[in-house]
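In what follows, a single structure is set out as structure tokens and then discussed.
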Amino acid sequence: MWTRTVTPRFGDIDGLRHINNCMLPIWFETAREPFFRLFHPRLDLDEEWRLIMARISVEFVSQMRLGADIEIRTLVKKLGRSSVTLYQEAWQDGVLGARGEAVVVHYDFRAKKSLPLPDGIRAELEKHQIEEGDSRARSGRFAKERNPV
Amino acid sequence: MWTRTVTPRFGDIDGLRHINNCMLPIWFETAREPFFRLFHPRLDLDEEWRLIMARISVEFVSQMRLGADIEIRTLVKKLGRSSVTLYQEAWQDGVLGARGEAVVVHYDFRAKKSLPLPDGIRAELEKHQIEEGDSRARSGRFAKERNPV
Amino acid sequence: MWTRTVTPRFGDIDGLRHINNCMLPIWFETAREPFFRLFHPRLDLDEEWRLIMARISVEFVSQMRLGADIEIRTLVKKLGRSSVTLYQEAWQDGVLGARGEAVVVHYDFRAKKSLPLPDGIRAELEKHQIEEGDSRARSGRFAKERNPV
Amino acid sequence: MWTRTVTPRFGDIDGLRHINNCMLPIWFETAREPFFRLFHPRLDLDEEWRLIMARISVEFVSQMRLGADIEIRTLVKKLGRSSVTLYQEAWQDGVLGARGEAVVVHYDFRAKKSLPLPDGIRAELEKHQIEEGDSRARSGRFAKERNPV
């Protein structure tokens, strides 16, 4: 699991005086930094970048607020041939605020085709994988219980 | 269908010289304005706001760029007792760039419980509903065909 | 004068239920699009880009809100050998909400030195210049009268 | 001096593959958190908020990049009766990337008038004041030397 801390900004609040939903994809991207570094250790954009986003989703579990730091946790949910599904959570004051997934693909932008995950990176990713039995591995169960829908 | 046009900004571009994935949730929120106005005609934040986001997702279909406007189309995919699932697309140069969903709930923030959709608003929402047979009604099929995964 | 209209987004509001100050630099950048196009007609990032930001400033004159479009007006305040000072205003409901300046420099990123403004572009920029006697040409006077300081 | 560290995000980069200018006002707002807490210790938005932004400015000194943290330093430049001028810098890899000022006013939003700075807060602010002789106290000199204008 990778963790990153973000401090909510006055402007991250919206008309409801809670964190605006659009901040979560932004914070989750911030927290993918150590994941990106497995592929591009120096995050050097002059290198040929080899990652493309295929899909993101966020479930809003409880409202987050200004005035307390937020911890973003990132785990690997699924490893495909060329894609990685990341699972991410945002915690504030010991409460799960939001959780989401991001499907990122190892990709050759010139040839316009996906590339297999290199073995060394795959091994590294496996260390961050959600373990079986972990409630986070079950699809969306927890969130359903707490979402207001 | 509601439509809104956004002009990509220089800073909306990311290290890949394409529109950053985090812009899509932002643009989709912008394009939900006419939907919000059904519930809050003047978008007056001094009124008691009655909408809460439960879930958002975005699939990235093809890369978007600086230099051409983007049309955001918003339709109603599903009407629940108290929730609305919106379906949204971003088009640039006649090409689908991204599509997503947003689950929004009619909600009483004080009582902390969902509220049924008022009949008048439900009738209005039905006018914007995806029609049966529309490819957009099928779950994620189209995106799978075009995504690089 | 170039004009652009932006629709405030729910998430553009901050804890004070007004437009967050950080949105203004973003909207002003959006509104510089026609200015950028004088130098890069297609805004093609594969071309060698020749503009660099040197300075921005924003004065907040009156609070802006959700629920009404905002018009951004952009004028040329000053033309140097290689730099352009743009003057920009944000109007909502017929009231000036904010005004700012941006100093943009015609610049060779490889040689790391400024470039003279090409004559054709200079002539075009002169058409958008603030006229003498215009209150906007006076430095910051108007804002001082209305600012709460 | 207050300091805060931000990690640039992939989407903070723009078409020039450097940090987009609009990120600086955002990061500077983030870094004003300890300043805000002098007035509102818990940053509780249900309290009556008493700070309003009057002006921000940013000078871009050298380009910042993805891949290295950025330290934001915040100092008090000037104390008025009711206003505080903050001076802020963004440093990456030991190089000054940008510097700016923010004028914040102690303000009663109901009465629509400025409020004197409370003595206790003024004393606290004085501890963070730029000292005489400090190059940062000189107006814009340093930036001029390094700006590409």
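Order of writing sets the labels: A, B, C and D. Residues in every chain begin at 1.
Here, a residue touches a chain if its C-beta (ideal position, glycine included) is under 8 Å from a C-beta of that chain, and two chains touch if they have at least 3 such contacts.
What you are looking at is a predicted structure, and each value in this text was computed from that prediction instead of being measured.
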By C-beta contact count, B-D versus A-D, the higher one is A-D
Chain of greatest Cα-centre distance to chain A:
C
Return the distance between the CA-based centres of chain A and chain D, expressed in whole Å.
29
Separation of mean Cα positions, chain D and chain B [Å, integer]
35
Provide the list of chain D residues touching at least two other chains, using ranges where the numbers run on.
10-11, 13, 15, 17, 21-22, 26, 29, 45, 66
Taking chains as nodes and touches as edges, what kind of graph is this: line, ring, star, complete or other?
complete
Show which residues of chain D lie in contact with chain B when the two form their complex.
10-11, 13-15, 17, 20-23, 66
Going by the contact rule at the top, pick out the chain B residues touching chain C in the complex.
4, 7, 9-11, 13, 17, 26, 29-30, 32-33, 36, 42-46, 65-67
Per the touch rule, the chain C residues reaching chain D in their complex are 15-16, 21-22, 25-26, 29, 45, 49, 52-60, 80, 82-83, 103, 105, 107, 109, 112-114, 147-149
